[in-house]
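Look for chain A in each of the two complexes below; its partner is chain B in the first and chain C in the second.
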Partner chain A sequence: MKPARFDYLRPADLPTALTALKEDTGAKPLSGGQSLGPMLNLRLARPSLLVHVGALPELRAVEERPDAILYGAAITHAEFEDGAVPDPTPGFLARIARGIAYRAVRNRGTIGGSLAHADPAADWPTTLAALGAQVSLVTLTSLTGHLTAPTLRREMPVEDFITGAFETALGEGEIVEGVVIPRCHGTARFGYRKSCRKVGEFAEAMCAVLYDPARGVFRLAIGATEARQVVIQDARFILQDVDKIDEVLREAGLAADPASFRLRRAVIREAIAALEPESLPA
Partner chain B sequence: MVGQQAVDGREKPARGVGASLPRKEDARLMEGRGRFIGDMRFPGQLEVAFVRSTLAHARITAIHIPAHLKGRAFTHDDMMGVKDILAKTGLPGFRVSAQPSLASGKVRFVGEPVVMVLAPTRAEAEDLAEEIRVGYEELPANYDMLRAATPEAARIHEDWPDNVFLISQTEKNLSEALADAPIKVTREVRTSRQCMAPLEGKGCIAVSERHTEQLHLWTSTQMPHIVRSGLAECLGLDERKIRVVAPDVGGGFGWKGLLQPEEVCCAWAALKLDRPIKWLEDRREHLIAAANCREHHYIMTAYADADGHLLGFEASAHVDAGAYSVYPFSACLEGAQVVSNLPGPYNLPAYRARVLSVCSNKPPIVPYRGVARTGVCTAMELMIDAVARAAGLEPYEVRLRNLVRPDQMPFRSITGKDFDMGDYPESLRRAHEMIGHAAVRARQQQGEADGRRIGLGYAVYCEQGAHGTSVYHGWGIPMVPGFEQCGARLTPDGTLEVRVGNQSHGQSMETTLAQIACEVLGIDPELVNVVHGDTAMTPYSTGTWGSRSGVMAGGAVASACDKLGERIKRIGAHLLQAPLDAVRIEDAKVVGPSGSVTFREIAHTFYRAPQNLPVDADPDGLDLVAGYRPVVDTGTFSYATHACVIAVEPETGEVEILDYVIVEDGGVLLNPMVVDGQIYGGTAQGIGTALYEEMVYDENGQPLASTFADYLLPGANEMPPVRIQHMETPSPNTRFGQKGIGEGGAIAPPAAIGNAINDALADLGVELTVSPMTPRRVREAVLAARARQLAEGGAA
Partner chain C sequence: MNAVTHALSIEVNGRPIEAEVEPRQSLADFLREDLLLTGTHLGCEHGVCGACTILIDGAPARSCIAFPVALEGAKITTIEGLIDDPVMVELRAAFTREHALQCGFCTPGMLVMARDIVLRRPGLDTDAIRHELAGNLCRCTGYVGIIKAIQSVAAERAGEAPLVTRGTLVAPPLYASPLTLPVPPTSRIGIIEPQKAPAAAPEDAAFTIEPLRNPIEIVQEFDVGAPRATVWALFQDPARVIACLPGASLSEPSDGRSLKAEMRVKLGPMQAAFGGVGQISADPSTWSGAIDGRGVDARSATRVQARLVYRLEEKSENGTHVCVDVAYVLQGPLAQMSRGAIARDLAARLTGAFAANLDGAVKGGVLAPQAAPLDAGSLVLSLLKGWLARLFGRG
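On to the complex of A and B.
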């Protein structure tokens, strides 16, 4: 299938992009297009206007802060994979990026686009929730005189930003501007496991665990849930007794189907096992 | 340097039969210089978007086309005079389905074309198509073949008494005594519906050509001559008024081996509007409207003695044939082949099979690479392993004890298949050695550090190829293969054109047929043009299907080159002033006792300097058509053993193929490199059947996979390194001893992999019998086995 008719704008700066998105309620931002492109072709998405935000300098920026790094939303998976941007973790981001879909997708797909698309089975939402990342959103407060138009920014944790399967807290005319990922301690460990039917496909079960005792962080996120990620802020009770997973899955409504329950449990166990047992609390 | 290694002390030729000559077509295709339907555009062309049925089974109550689409949107009622596609068979009891090119009165599967919409671009045509409203009165959808075959199921073709195209059956030597056999194993096996998913989808452009006063149909097909015959019948045109050309075709696998309703629609519209009309199938259309192969269901019982010798075999099977009988292969080819091929390479003393070809509300079934043999090999080979488990024997041993032996060759099977030559047990023995059977068994005893389980699986099959008249005429379908011809022409500069009526779309025939010309005439394959896929340029052929082209087109090229060689020799002998019986052809020269003359000099003389020939020289010249037909035309039987080692994780159900070996006998290999390529490609598709590919339908007959996110094909990462060993037992029935090998790779993988998974999980009491064996099916089988054991333990 071919897309329905749409207009296309490639703005030079963020205010122009935000103005276009605010003026036209049928407009959609386009970043890497790796999810939106197929949706356009299938006519599942029918925007009147596509505003290309993937090349905006504001969204391509990387800012190092003392306790975190801010990544512009348009940083690609490949840039994380290749180490083209700094990493606030001991190598976790490159490891996750390397496993996203295929290289062709990684060359174009962006971290902000992945969050805004909010596919429960995608790698970034679960990973970033486990890392305790914040999403930075931006919009225009009014349309008058857009060159000096006041922009409104807000930040929220990833797990609050994603409100459901393919649903986010993005307001009208609002876009993801960046992602703030806290710095981990050098001794931190990250366990990640997903089960895909073939390399590059979306996962049927996934789990990410951040074990960072120096900062007192023991966070576990369960993805591929067909809803928002399940985030356990203090997962020490699971790390101490993995059988507790069953209860967590039951409470999350993820235990109804025995065959998928078996898979999720195995994947979570393997993610925890990947932390290396000797570093876990006794 | 290619083809220089010595095998069996014999020097391999550098360019002719047996040489691994690099593919001549690669330069064009690898550099993106091929020309496919998608690359073609004619002035004034309109593109088609079809409004397709959104329901599996419904009466059409209304079609609302906005007034401004008049002359741009057409329904069945507009195509006055166009006949339905009829693919009858002569088999007793066969029920005929009439397939309209656009739905008439009823729709019978999701994706059936209902309205044809034309616009300058496909995107605009899709915009217009959205404005059309079709009203439906929904009828119960026959989504499950077992239910569709029952008397209470809603009729798909209303004048039929039930939804069964045909019942095929056979019975031989089956006696009551078998009930007392020491081993009696019954299983239910199912293989899922698949899409063929060639790299290039289907597509066509119909042009009403004024200068030839012909309808030209450019189409992505495997069988241009058959498409022409079918199209002429539907449109009521003389065949001389139609030219069908297949340009470069990006894979077929069977999906392009039929006349399609969309081709008829485009041809009709091109004549009606006098404008070029193009339709290019997109992937969504392909997945929805062309999910059309492999869906079988079996209930089987094998009887064996305590040593695993098969005493008899019984099967009751269903094939989901979809809504219509396709032209030319019909809805019964698959079911009939289930009956005749289920015994496979085994010596069965007694056999009974009954197969229903069931009409359902799904796309019509089309023969896919391997045709029914992938299903029957899966069914039979899972049974052999089940017998072995029941007998407490190695599955390898049970196979050895039941395979047809070389001392029995040529062998007539219990279903009348004439196996030409070969040593089936030897291919199994070699695979056993290559896979390292004993080492794998030892490794299984030790267990894996990562908790996975290792499994070893075998599958053996034989593959009938190049079926001839005696095989096909009894079916009474619209096409019977028989005589195959080739046009051969020495050009005025002494190069060669060979013209064949089949089509090469990945089979490398531009190379292998040139090698055959080289074998006969000694001409450099680089100086041979292989022309194919064009009804105006080539002799009639039923096309490329059924692993036939290497044998049939290859035989025809050799015959034509033989005859051309005789004519070349006559002129050469005259130029050399030598008697005809004193000259011979060598390296594109005619060589006599006192010298030689090149093809170039001979061609120049005949075409451009005829004054140098005697007035009574043969005026028929250096351009001819000659034919070929094997003396025994029941086909060649290539065969192979596949063996693999897999690792399965019982918790997640994930399967990894650790090792895969194939010992294959394709007779004399025309080009071993090309044969390896065919085997690798077929094996990849077989791995898809085994582990990934499945078109799921819901209870409304809606297909649940319309993109590759839902319909999984194996990719490079899923393809293990495959180790191939060749045996080369010449077929006594073909020109060079070659056998058809195009389909074989796709036949055995589901059986070998399935047996390996069951081997890995046997001590958990797990046995999977449904393909693809997805991680979910593995997990469900593990859970079911555990529940069963708990229940049994509770009862004890």
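On to the complex of A and C.
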């Protein structure tokens, strides 16, 4: 239960971090380390080098934009929970953050790390997909001939970023720099449910629904699948007729096991039902 | 490979510490082994049980999955450093009064977490306390005494303003007994080079088939466009069967009855390379057979035991219906981390890829000499889905 040997780098700036990650194919970025730590201890992950990106100013930044807020990847779950950062929604982010694992984990774990880890049962990937968030990725353009290596950025929707269980669109030497969460209208509602055997454990079924008629957004995301999230961009047909979720689950291949099918169906129904009482802005 | 150490400046219980640490050393081990602060207990060592909870810059964290090398300049407070903390004084009295501990193993973590709960959310009711305390496991008390103790302290503080503990300073003990002060780290007695474990070659003993206990089962049926005899012949050739399994290869030539094989699996940051032995049996009269095997991933010590049963049905002159039942049991770290459903998904995709490769092999298609390790990425998945859709005429 001790990690295999690895080296550690605390980079002075972002280009140094990206260079180190690009030069050593065995290197892994370290943010809060709450998912990577257990994997290191169990020796399931054996990186040659950990590049500590969690303290870089770019990854700790918060930028308010007219239509969205950009959060650096290393903003912790606890910071969302405590309202230490602004919220572009009527309180949805704090509500989700409060349900992630345990406080001792939330104090260290980060939003960008959660996305990069891409655990299907994690809270952020499903929540952020439902909120229509974009992931901002950064990498180096080239390694040679530059004193200050230029960085290259790209943005993509969360549901495109996560390609499977623990699999993402991150390229070699590329890291998650931030997450851009669009502002919801003040009247927006959010329904969220997950089913865990024990509080803080990995979820077995999960659903997030965003109901924001002022912006014309009715998005539903099903998480804790065995692969990537199932995102329904216009879920009005489900909101009008809840029985339609059976069909959606069947099409997504999530109906094979009767017990898990029933659980998923119940969780989705509860998430939709929760739109009514819970998310009316105070 | 020599262990690289890094210089570290850190503050523990109010005392500055200069140390040289190896990157892989956990904070819990650093506190216990180097500073002799053994009040921090280690239970699961992968962030689940909460016994090792300490304060980093005032906020609770798991010390078993934190690395001191990444905590330059941080202020660490252990249970020893909270001896005079006014909230801790109340909590200790309450724990004694309510009989909130029995063996005491979880208690340091419980107290550190309890302090955070009553400060951050004063006046909490028992349900909410249970929720907040879910990350700390106790195997003796049934939690009743612990919850009562925390609730009594929380109730006393009901009127106080909530305090976010992140970034707060914890005052060091007023009088520190020598036992509660960190001992400066002793210079290391050199690095002990790890002894190379003897290459795993335990499988020379005769392989006996053992029944699988609570296996995960996957059934896959598909059609292959070739006569039954051709498909049957392929199944009798271990080298060709193994070549159809992504990431798998024979480690030595097979005699047709037993086989030694290796298999690489990748799931995100997790990688495993299973080496193992198997036994082949076939019953030509029923066009069916079985391959039994077991293997070990030498890196994580994850064990796998599997049984593959196949049955060939004649569909037409040039078509064979293949039924493959795979049952397997995964034990050890990989099973712990990857959880049932994801392992099942991966196994189902492996079986699917096996079917696709088999179809290609029967039709005389050329397979890559060494099938690439199955990457759980979307590419493989989409390829497979496309293939399955074509196969079942839905595409």
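Here, the second predicted complex is superposed on the first by the 273 of 282 C-alpha atoms of A that agree within 3 Å, B and C clash if a C-alpha of one lies under 4 Å from a C-alpha of the other, contacts with A are read in each partner's own complex, and residues count from 1 in each chain.
The rule is short, and it goes like this: a residue touches a chain if its C-beta (ideal position, glycine included) is under 8 Å from a C-beta of that chain, and two chains touch if they have at least 3 such contacts.
Just so we're clear, the structure is a prediction, and the values are computed from it rather than from any experiment.
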**Request:** Check whether A:P38 is in contact with chain B, with chain C, with both or with neither, and answer first, second, both or neither.
**Result:** both
**Prompt:** With the two structures laid over each other on chain A, which partner does A:P150 touch: chain B (first), chain C (second), both, or neither?
**Reply:** neither
**Request:** Could you look at A:A118 and tell me whether it touches chain B, chain C, both or neither (first, second, both, neither)?
**Result:** second
**Request:** Kindly classify A:P57 by the partners it touches after superposition: chain B alone (first), chain C alone (second), both, or neither?
**Result:** neither
**Prompt:** chain B or chain C: which reaches more residues on chain A?
**Reply:** C
**Asked** Between chain B (first) and chain C (second), which, if any, makes contact with A:A4: first, second, both or neither?
**Response** both
**Asked** When the two structures are overlaid on chain A, which partner does A:F166 contact: first (chain B), second (chain C), both, or neither?
**Response** second
**Item:** First (chain B), second (chain C), both or neither touched by A:A227
**Value:** second
**Request:** Please indicate which partner A:G26 is in contact with in the superposed arrangement: first for chain B, second for chain C, both, or neither.
**Result:** neither
**Prompt:** With the two structures laid over each other on chain A, which partner does A:K198 touch: chain B (first), chain C (second), both, or neither?
**Reply:** both
**Prompt:** In the superposed arrangement, what residues of chain A touch both chain B and chain C?
**Reply:** 1-5, 38, 42-43, 198-200, 202, 204, 260
**Request:** Would you pull the chain B residues touching chain A in the complex into a rising list?
**Result:** 121-123, 126-127, 282, 284, 649, 651-654, 692, 706-707, 709, 712, 714-715, 717-718, 774-776, 779-780, 782-783
**Message:** Help me check something: in the complex, which residues belonging to chain A touch chain B?
**Reply:** 1-5, 38, 42-43, 195, 197-202, 204-205, 258-260, 262-263, 265-267, 269
**Asked** If you look only at chain A, which of its residues touch chain C in the complex?
**Response** 1-8, 10, 28, 30, 33-34, 36-47, 50, 52, 54, 78-79, 82, 84, 101-105, 107-108, 117-118, 120-121, 163-167, 198-200, 202, 204, 226-228, 260
**Item:** Residues of chain C touching chain A in the complex
**Value:** 1, 3-4, 6, 22-24, 26, 29, 45-48, 50, 53, 56, 59-62, 64-67, 69-70, 72, 113, 116-117, 120, 130-132, 134-136, 164, 166, 267-272, 299-300, 333-334, 336-337, 339, 341-342, 344-346, 375-378, 381
